[in-house]
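Look at the two complexes coming up: chain A is in both, with chain B in one and chain C in the other.
Moving on to the complex of A and B:
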């Protein structure tokens, strides 16, 4: 277990190193002078150019620049935003709660909605199963921004149940404001999780141990809960990685569509105004979140299904 | 007159095989064919010029003149939808072709050589996996500027490992089969065996994955256009149309934003159905 953990953390370190190198190096790939690129193409006084060169160590050789930049990043110093004239770290920290709440809310919807509809389809074959199959087929093909405009036109404009824009103040109001965005973010993944749950549960339902439990007179709900669902959880946790990666990126689309001031919206607006330090920081953060989530999934899996224990020399 | 037997090549035979008498798959194939025809013949079949402004029709609902209404600038939504199919299909097509070729190359090379080559290529693929496709595209847009080029390059690179991982596992299985061993014993070079015998045998499964990827690429590229990073206005594009139409949503005009949204969903569903049907047929044949 310890060996597995060390190997995985080593792998993550390499991934982050390469990712940071790419994210940093891309400045030099951009057409034109790095200094003017970092200034977002704005005309600046020679003093400002000198300041940006000083801040990004642009007068040093490339590898020295990179090392200094990474040294700053590790201590949480991502530099200064060119448009906000503020520390990038502070900008992100101010927007993190909205994004985390949105992703958490969507995650909850995905877990409940996906598991429930998938289990329902597996247990009630026939009409319900077909309905869920069609519904999830459409859900997985609906990108978050299409879901967003669909939800806005129905629930914000036609029915006026929910607000179409803004984050709201206070926790309750925030949750209320984030309901439509979370639903838009969740829809695709509810379909995905439902499909995987259905397939996985159908497979378990056909197993002998389930038949044995049934014939022994174990109540139906007990069989489903303890013998079917628990065994079916393996493949469901495996798609968690895909879901997390999707959520991390789709949140920037949803935040933009609903005008929420979150980290994703910060990324999009920074790309639009060519505020590169912010783009670098958010990109690295997304990659970090993604690899960490995958590590957590790999660590949780043997807890759910002891057959996957890493200690017994399973997969590397 | 005696009937002369005409020997025709059946161009649609592979398609009929994919459909396999399944009504849903036939419908999906028909829909995709319709879309391709619409995209190719857009200038001839669109009722209006996609950029023509008819201010009297601004945000009108469905009228005989404008079947799907007009957008906030008074442009015909149906015509823009038909023209939007061009960028909507062309972008994903390039992504799927490049990522399939790249992925096949990487996957088969890794499987064929094994050992260090396999380890290095597999690590490289894992590395690309940790960059979500959309994030890579956004970074490239930030560096090289907006337009379809940067997103298409980013998507091609980001999708290659999905094909590569599949190609590697299928090629590994195929490589162990006796017929491949037989060719090796006969002294054929690895290159010839791979190109002439291994690739044709693993191609159907990879094609299935590529058809499904087409749908994902379409969604991702439309998302980038929606964010304003991809196809630029005033060019008609489904994602960009949703972006432009979302502001008139609050004024109660649904069609300018919803019509392209529905078009995206239907197209992605159709590609998914076709891809899954190919994968099913391959799986049944394997049994």
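Moving on to the complex of A and C:
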């Protein structure tokens, strides 16, 4: 188990290193001169341009620039934002709580909504099943920004149940403010989790051991909980892990639509003004989110299915 | 507690598959007395498994059944679902063919063995204690630690023992065994069969033993029913069946069994088995029968009693297969 964890963490380090090179390289490849972006298109004296180039190491060869940046990242120094004139680390840290709360909230909605509707569809074949399939089909096809507009117009403008803007202060108020954004974020992905839940449960429902449990006088609800849902959790966990990691990217749209100052919104505004230190740091954060989610999923899988146990004596 | 342990009368089961309802069992009648071991033999698709499962009320989805199916005088087909669950927990248990598929791979052995008891309200601790005794009685070494292990840590033969322990947990009077040794290798088969026969005798349980292996059925059972295309074609004592098979299908099956002491190769039954749905009018076996005559294809032969054997063949008296 410890060996497995060490190997995985080593793998994550390699992944992050490769990703950092790609992120840095692609920002570098973007057309235009970084120095002029940094000056925001203003005409500046040659001395000012030289100072900027010196500060951001723009005169060094590409590999030297990259090495310096990575060296900083390893020590927690992501460089300075050109627009905010602040440390990138601090900028992200200030916005992370809102984004994490939003992702957690949306993740919960996705998991609960997806499991419930998927299980319902699997257990009530016929009209309910078809209704869930159509409903989740529509939900999956609805982009977050459309969902955001729809939710704002219905729940914020017409019914005035939820605020349409801002993050709120204090935990309760924040959750209240984040309800509509989380719903907009979750809507697309609920359908995905619901479908995977439905398919996985239908597969398990057909297993012989489910009939055996019934033949032994175990009540139907117990059979579903202990033998169908439990055994169906593997694929559901995998999909949910990937979806939740991907939410970090999806927050950029929703945070912009709802005027939340989170990491996603920071990414969007930084991309528009070509604030490349911020873009690089957030991109790396997205990669980190994916590999972490994968690691968590891999650690949870053996708890669901003992046959996948990494412990000694466990057989694959 | 009146009547026979198991009495099936004219059980007909039809699949409700959108199109024409397809029959899979046509008027099956059989019975098992208390403490009696009864074999149910036939080729794949003859309906023996469906018959066996229907005793627990496990009919294929959407299927309709007519006739009667009584355990201790109570009709399974008209029973409330609460009573049916109670019967499944306490009175009738089933041992399935493939233990690897029949035991949830994600749950511990102890969980499997105690599941029925706990559903019946037995406290966890008592159930585990009883499970340990049961595992010991089926010959699992270190039954205590075994309770905490997972199915993938056991071999197929050991898992089938676990399955038997689980089936005995509720103290059933009737054991249904649906090809319990087919998925096992030969040496393991013998062990499982001897455990099964020993425990059945010790606990004085009745058993319906489903198999396609006539020899095995004869070794274990007091009486044997032979099924063909969803109907019972012959029923008699195990010795009688081997000594004087009455139905041409039974003698065909016996001739198809390879024998060590004989140099002659076994003779297969020509043709392929049919299901009840595709069976023609009259005797379903007529197309494959060496003794067929015009009357055979006209109407279904009725069961007749000849020297203690029940046979559904028009020519049963004329043909002596010994």
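By definition in this document, the second predicted complex is superposed on the first by the 275 of 316 C-alpha atoms of A that agree within 3 Å, B and C clash if a C-alpha of one lies under 4 Å from a C-alpha of the other, contacts with A are read in each partner's own complex, and residues count from 1 in each chain.
One rule holds in what follows: contacts are C-beta pairs under 8 Å (C-beta built on N, C-alpha and C of every residue); 3 or more make two chains touch, one makes a residue touch a chain.
Everything numeric here is computed off the predicted structure, so don't read it as measured data.
The superposition on chain A brings chain B alongside chain C with room for both. Within the superposed three-chain model, A:216 lies in touch with chain C and out of touch with chain B [touch as defined at top]. More chain A residues lie in contact with B than with the other chain of the pair chain B and chain C.
In the superposed model, the vertex angle chain B-chain A-chain C (Cα centres) comes to 80 degrees (nearest 10). Of the two partner chains placed by superposition, only chain C is touched by A:227; chain B is not.
Contacts of A:111 after superposition on the shared chain: neither chain B nor chain C is touched. Within the superposed three-chain model, A:123 lies out of touch with both chain B and chain C [touch as defined at top]. Legend: residue contacts after superposition of the two complexes on their common chain; A:304 is shown touching chain C, with no touch to chain B. Chain B and chain C never share a C-alpha pair closer than 18 Å once the two structures are laid over each other. No residue of chain A contacts both chain B in one complex and chain C in the other. Across the interface of their complex, chain C is touched by residues 207-209, 211-219, 222, 226-227, 230-231, 304-307, 313, 315 of chain A.
Within the complex, the chain B residues that touch chain A are 126-127, 130-135, 138-144, 215, 219-220, 222-223, 226-229, 239, 242, 245-246, 249-250, 252, 254, 257-258, 261, 264-265, 268-269, 272-273.
If you check the complex, the residues on chain A that touch chain B are 11, 14-15, 18-19, 23, 26-27, 29-31, 137-138, 140-146, 149-150, 152-153, 156-157, 164, 245-246, 248-250, 252-253, 256-257, 267-268, 270-272, 274, 276, 279, 283, 286-287, 290-291, 294.
Against chain A, in their complex, chain C makes its touches with residues 53, 56, 58, 84-90, 93-94, 96, 98, 101-107, 115-116, 119-120, 150, 152-153, 166, 170.
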